[in-house]
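Below: one structure, written as structure tokens.
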Amino acid sequence: MNDKKFQGLTCPIPISEYPRILLAHGGGGRLMHQLIDKIFAAAFAGPALETTHDGAILKVDAPRLAFTTDSYVVDPIFFPGGDIGKLAVDGTVNDLAMCGARPKYLSAGFIIEEGFSMDSLWKIALSMKEAADQAKVSIVTGDTKVVEKGRGHGLFINTAGIGIIEHNLTIAPSSVQPGDAIIINGDIGRHGMAIMASREGLAFETTIESDCAPLAATVMMLLEKGINVHCLRDLTRGGLAASLVEIASTSKHHITIEESKILVCDQVRGACEILGFDPIYVANEGRMVIFVPKKDAGKVIDILHGKSHWPEAAIIGKVSDKGSGIVTMKSIIGAERIIDMLSGEQLPRIC
Amino acid sequence: MKYIDEFRDPVAAARYVRQIARITTRNWTIMEVCGGQTHAILKSGIDQLLPKKVELLHGPGCPVCVTPVELVDMAVTISSRPNTIFCSFGDMLRVPGSSKDLLSVRAEGGDVRTVYAPTDTIKIAKENPEKEVVFFGIGFETTAPANASLVYQAKQLNIRNLSILMAQVLIPPAMEAILSGAENNVQGFLAAGHVCSVVGYDDYEKIVAEYKIPIVVTGFEPIDILQGIYMTIAQLEEGRAEVENQYRRAVRREGNLEAKKIISEVFTVIDRKWRGLGVIPKSGLALKDKYREFDAARRFRLEGLCADESTECISGLILKGKKKPFECSVFGTRCTPEHPLGATMVSSEGACAAYYRYRKTGPESLGDKMG
Amino acid sequence: MCLAVPGKIVSIESDDALMRLGKVSFGGVLKEINLTLVPEAGIGNYVLVHAGFAISSVNEEEANQTFEYLRQIEELGNSEDKES
């Protein structure tokens, strides 16, 4: 298959023939093979892609592998700044990168609701290909199921990912040490508020786009430059707060951050103020926290500001020696408060 | 953001904190009665910065928390009906009734939706003429004009499939109930600024005259609250008892006349039960006869529904400032934000929920907590 | 109660017998808000918004008063310290 840009190409399955997914497209027969061939194989083309066999055979040369799985159920499926496909690829790539692994191969399983638009499926497949190319990974195997109308929400995607670990570090909460600096690669709250803006009943006009982005290249660069990375965590649901609380509780160290150092762009702030949201609990899809020894913090910031193109990267806190397993934040006016996880999602409030 | 950032300035905050410390010579107990102020105080940590002589109490200022159990049960009953769309503010969805909350109803298939403005339900009602659309009308005086407008517009536009489940409460009667209680220890009040934006602050003059305590109308940003606390303590130290207005940029003595007009057009004052506090006379709003057809409790024949509150819950004592959350026998064990038993654990502004989240398990300060 | 946020009116969308609607900007995020209760507020003015309604206009001079008050009490404090 050629590798020219697919954007702008029309859906290979003629819309007039099959504008929408039918149950038969998941039935194991000709229609399913046509779907896989014309949509997925065409979009994900590559030497390792195996669409006719039960699995892909891969040659992997590494003493350690990282392996991850994830499922994507985002609603709306197309949102400002991305779609479920891009999210699926970037999210899986990021999970591998947080282990300090170089992502290599992804699987993609699709659960499609009967009636889903064929054109939308094509666009999502193209989007996944573009995201995979950007992250330098291949989608090598997958699965397709179709469920009856009403039994799915348009489209769900499940992924698994394999990455190779080319270093000897243990990048995990257990490696976090008192004195470590905590660095974030940018501002927070974009993804969650971009999704909120598209929700019925809360509509507001904004140009906020999801921050959905792959983080693997940045992590690889830090490792190549010899940074002794202790821990990484991508900030997804539950926001910055959830990730820090998990790390503090697992590592049993005390994490302290400063509210004034955490960047929130104007529109995310405005949207959070209207709904009564705290940005530290809002979802992100292209942000991570990096724990490194204090002496490496300056170098990390230089790398992030420079070649990695994260101009808003900043040190937001540190690990103290109190050993309490909790997270505290110094508020804007200088008082400390404990940060805990929320029970569930943030709900727009009136009080 | 203008009118927000400058009122969160750390330098001005530190200056106000210094002045408060300078004038405070004795122990003072001040209560605020607004969930928004509770939230602001705990989020910015103002309580950490005040001199130990100043005690801040969090009163019954959260309309979500004080909604009686039977009203939540009515909401659950209505939203469980077929062909019904139940709309509510987000923070009401997790409030438990006798057996379940609205989120559980949604999980079981009920059409329960979050709205930002009460008047958003008008569009929903127009788009779903074959369904009944019901709005959970909770709130203090601040929300009353929006809830009144919903009913007023529904009548003007002749929207027959829309109704409101009334849960409106008024703040000054609750303040009086606290002050008139036996062994009341509240010495000064921060009055809820946004309530006063709508209805003004004349109502507080008679409270001040009767109980001789200072009341300062206060805003919601850290600088507002610090200035409000300063003004209250200044009065207490000087032996004065007056109504003062800290939140002058948004509050006039007479309030918002247009808002008061629509409120008195649509609503009438009634006695109302508060979760944790019992019935407080003249503390609620009901629809006037002219608009009674839009009353959901009446439309769905649920008037007179009763429910019991948990016997273990001491939220009444907490709302009056008599006990602290950690003095409750089930705090943090059988009663948590995930399984709240009563008003003060139910929403994040409730004193118990806030104390749980900030790990206040005893009278020690946060500093002690962190070792 | 209650969450009310200051925003700037950027346009008036409709103005009939039943209601006056406009777009209000909160740090660049625009929301359609009911302005019926603040007939005195127009484009460029700041209003406090709660549950989809502007409930009050925000007075800039009075806003500055909070900081003027701080300056005054500090001066008072300084002169008292000097006397003692």
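Each chain carries a letter (A, B and C) given by its place in the written order, and its residues are counted from 1.
Everything below uses one rule, namely that contacts are C-beta pairs under 8 Å (C-beta built on N, C-alpha and C of every residue); 3 or more make two chains touch, one makes a residue touch a chain.
Please read all numbers here as calculations on a predicted model, not as lab measurements.
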item	value
Pair of chains joined by more contacts [C-beta pairs], A-C or A-B	A-B
Most central chain, judged by mean C-alpha position against the global CA mean	B
Centroid spacing, where centroids are CA-atom means, of chain B and chain C in whole angstrom	21
Chain A and chain B, separation of their C-alpha mean positions in angstrom	38
Chain A and chain C: spacing of chain centres that average the CA atoms, whole Å	39
Shared interface positions of chain A, touching two or more other chains	266, 269-270, 273-274, 349-351
Interface hub residues of chain B, defined as touching at least two other chains	1, 4, 35-36, 61-63, 89, 116, 120, 139, 143
Where chain C touches two or more other chains at once, by residue number	1-3, 5, 26-27, 50-51
Residues of chain C defined as touching chain B within the complex	1-6, 8, 18-19, 26-27, 34, 36-39, 46, 48, 50-53, 55-60, 62-63, 65-67, 69-70, 73-74, 77
Residues of chain A that touch chain C when the two form their complex	197, 204-208, 266-267, 269-271, 273-274, 276, 349-351
Residues on chain C engaged by chain A in the complex (per definition of touch)	1-3, 5, 7, 23, 25-31, 49-51
Touch list for chain B against partner chain A, complex	1, 4, 8, 10, 13-14, 35-36, 39, 42-49, 61-64, 87, 89-91, 93-94, 113-116, 120, 138-139, 143, 222, 337-338, 347-349, 357-359, 366-367, 369-371
Chain B partner contacts - residues on chain A that touch it in the complex	200-202, 254, 260, 266, 269-270, 273-275, 278, 322-324, 326, 328, 331-338, 340, 343-344, 347-351
